[in-house]
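In the part that follows, the structures are each spelled out as structure tokens.
Each of the two complexes below includes subunit A, the first together with subunit B, the second together with subunit C.
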Partner chain A sequence: MAKWIEGNGQYKDVVVSTRIRIARNLDNYRFPHKMSVEESERLTQEILDVMKNIPSDVSYKFYKINALTLTDRIAYIEEHLISPGLIQKPDHSSFLLRDDEKATIMINEEDHLRIQVLLPGLNFEEGWNGINQIDDFLEGYLEYAYDDRFGYLTACPTNVGTGLRVSAMVHIPCLSMIGHVDDMIRGFNKIGLTVRGIYGEGTEAAGDLYQISNQVTLGEDEEEIIRKLKNVIYQIINKERYVRDDLLKKKRYEIEDKIFRSYGLLKYARKISSKEAMKHLSNVRLGKEMGIIKDMEFKQIESLMIEIQPGSIQRIFKRELDDNERDIMRAKHIREKI
Partner chain B sequence: MAKWIEGNGQYKDVVVSTRIRIARNLDNYRFPHKMSVEESERLTQEILDVMKNIPSDVSYKFYKINALTLTDRIAYIEEHLISPGLIQKPDHSSFLLRDDEKATIMINEEDHLRIQVLLPGLNFEEGWNGINQIDDFLEGYLEYAYDDRFGYLTACPTNVGTGLRVSAMVHIPCLSMIGHVDDMIRGFNKIGLTVRGIYGEGTEAAGDLYQISNQVTLGEDEEEIIRKLKNVIYQIINKERYVRDDLLKKKRYEIEDKIFRSYGLLKYARKISSKEAMKHLSNVRLGKEMGIIKDMEFKQIESLMIEIQPGSIQRIFKRELDDNERDIMRAKHIREKI
Partner chain C sequence: MLCEICKKNQATVHYTKIINGKIEELNVCEECAANSGEFSFDNPFSFHKLWTGLIEGFHDNKQKQSVDNLTCSFCGLDYSQFRKTGKFGCSKCYEVFEDQLVPLFKGIHGHDKHEGKVPIRANKKVANERKIEKLKVRLNELVQKEAFEEAAKVRDQIRELEKSLGDNRE
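Right after this comes the complex of A and B.
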């Protein structure tokens, strides 16, 4: 199970997770896309040397991308512990993962440093504090690329300024059922927010999960960005909850049927694709949210949503599996967990 | 549970039931479609008087169609205890049902008497003996319409001669899966056999169940008719078994998946149509036949196939249900039984 899922977030009936990440670069190195392998190694070493000074009550493990199997790289992405961008240039990139897996320091993704804090439920305060702690610590030892007018400098102009991206992953099956999601996305885009699939930019929405995040990093301060996003997430929570109540009132049997059929299928299928499994896990999560499914915890359902992904399922069974084998082993794993 | 399902028939992996029925008419009455209510009552009374002489070790209950609720009439049809034809003219028709429900004497269906014996599995011998016993008994007291050249006279010429229809209900999901059923039906038609859905003439096949019966009643003696049908049923048994083995060898996971998904759906659905339920019960029966489903008996599955029908489900819950309620109560009943 991904460790970051442990713990008590708020509004878990709608908000799966809160993620805050900042982009930072060092003054005396070229941006990653211009960097040689030697330069990236020097940068990595400098960061590792700094990390020796962290307080003794926390500890990080260090992973070089090119030392991981392809399966493991993908599994870390599926767990949301690293970004897809980090494995694009394996010889340049690495990451430090805190033991509780709630914080990752990525080295040489698009920027020299991408620091993320990932927490279950809605939890911007703890997330923001966590990020600040790591950021303040690193800034004490490293020379950040910073411009008085623009703020933090980044490889891509969309991150310049605060370098901050805050996001919440929401589960909105009922807004999706009534066909409200597309409208919602258009509305958010107009106010500088982005809606993405579960694995970030360019990925498809699966399991009625959507990542809502700020688009703008320049011209607004951090607290303002977080406050604005939080307000929007509260609106989503209220709307989704309203539609759930309404559907339960008007179509109780249909909803229960949908949920229990998915539960039964997951409990008995002998072969299942990740796409189909996500659909049914989404229904089961809705069942949990509505108090209809009682024998499963949110963290169990969310772990399964990760564990059924192609990389994770191969890591669980400790070998490479072709498509057909994956579908079989996925069904087996789900049966063992439900 | 329909009582006739109890008992050990042969070849239950393919043959659900064996049914033998004979059509008989009395000499001194007009055929039912020409009969007045008074005349039909006189005929019924004559038969009831005869029935007082039956040996004391068997007993029959008498039911007048117009004394039954519509729900009960339909439920008796769904249990295969009476034919759909019997309820067409409720004021004329009635039936005597033996306590073990394996024999019915229908009065004023298309003919004055339609006598059927219904047994689980493949069991032409016991069926034929059972029919003969009843027929011999009745013939000892009643004047049958009989012609030396044509044999027994019947209302419809397709029954003249022996008045005999023997049929077996076969479950052939694998022949159906490989698309072999239409060819099979065409072949059987050429040799004087008829293939029908589960509720006889004009009904649709459901749950991969087909009734195979003789078409010809004239010019062949009874033993010959039975022998011929039995041979064909043996062929079907062999073919279906062969395809099952083959599919299990080549597509084990796909077959197991199909079976267990159906099992899971039936175990958890909160709303289900009879058509969908039949499809999944057919898959579960296949699972039992293949040794994949171990915690259900054939008679349980077959009872469910009857109990989920519209009339039976209303009888179980002792009240009239609209379509929507039926789907809900059907799902509830299935969950309680699986």
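Right after this comes the complex of A and C.
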């Protein structure tokens, strides 16, 4: 189970997780896409040297991308511990993972440093405090690229300023059932928010999960960025809850039927694709959210949503599996967990 | 990232398509984006739109040429490359392209000035304070030895460090 899923968080009936990340770069090095392997190694070493000074009650493990198998690389992405961008240039990139798996320091992604804190439920305050602490610590030892006018300087102009991306992953099956998601996304785009599938750029919205994040990083301070996003997330929570109540009142049998069919299917299927599994897990999660399914925990469902992904399922069974085998092993794994 | 249509140029237009609640991200180059009728540029963060706006801002070709030739001496990136890839090569590029960046940032973020966290250089401050203490001890020694020329140098160093501490306190 991905460790970060453990722990308390608010509004778990709608918000799966909160993620905050900042982009930081060092002066006197070219940005990662311009770097030689040797230069990237020098920078990595500088950061590792700094990490020797962390307080003794925290510890991080260091992973080089090119030392991981392809399966492991993908599994880390599926667990949301690293971003897809980190494995594009394996000889340049690495990451430090805190032992509670709630914080990752990525080295040489698009920027020299991408620091992320990942928490279950809605938890922007703890997330921002966590990020801030790591940032203050690193800043004490590193020469950050910072400009009084433009703020923290980043490889891409879309991150300049605070370098801050705050996002919440929401589960909104009922809003999607009544066809409100398209409108909602369009509205969000207008106010400077982006909506993506669960694995960031280039992924589809599987399992009615959407990641909503700020787009503007320059000209607004961190608190303001967080406050704005939080307000929008509260609106989503209220709307989704309202539609759930309404559906339960008007179509209780249909909803229960849908949920228990998915539950039964997951419990007995002998072969299942990740797409199909996500769809039914989403229904089961809705069952849990509505209080219809009582013998499963949120963290169990969340873990399954990760574990059934192609990389993770191969890691669980400790070998490479082809498409057909994966579908069989996936069904087996789900049966064992439900 | 390469353009998903021609698979040749760098993708600088990142476009979100939404069909029945399904999100599809498309990453294409400016050319393919312009050639394809499928893309509407409602997305306020489309690079294509931003760059186009910037190019139109030039008075003439000569001015565009001279901007395109602006080159960062640290990483070697020139402005025409920046326009193609949408990525800076290093933090010094910001100084070199500074005049061009204000309209670009306004287009992306609606602002051109950072509001937010300022590095506190917390540990560095402590390190500087320690350095000053050490230098003061040394200064005393030198004065007692009547090595005034050396002492003057050390005194200047202390002043310099104290000034930088003062600046950081603002």
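Just a few scattered comments:
Here, the second predicted complex is superposed on the first by the 338 of 338 C-alpha atoms of A that agree within 3 Å, B and C clash if a C-alpha of one lies under 4 Å from a C-alpha of the other, contacts with A are read in each partner's own complex, and residues count from 1 in each chain.
Going forward, a residue touches a chain if its C-beta (ideal position, glycine included) is under 8 Å from a C-beta of that chain, and two chains touch if they have at least 3 such contacts.
Keep in mind that what you see is a predicted model, and the values were worked out from it rather than measured.
Annotation for subunit A, partner touching more residues between subunit B and subunit C: C.
Look at A:R270: by the touch rule set out above, it reaches subunit B but stays clear of subunit C.
In the superposed model, A:I338 lies in contact with neither subunit B nor subunit C.
By the touch criterion given at the top, residues 253-254, 256-257, 260-261, 263-272, 328, 331 of subunit B touch subunit A in their complex. Residues 25, 27, 29-31, 33-34, 110, 132, 135-137, 139-141, 144-158, 160-162, 164, 176, 179, 181-182, 185-186, 189-190, 192, 194-197, 201-205, 210, 215-222, 224 of subunit A are the ones touching subunit C in the complex.
Residue ranges on subunit C touching subunit A, taken from their complex, read 14, 16, 18, 20-25, 27, 42-45, 74-77, 85-91, 94, 101, 104-105, 108-124.
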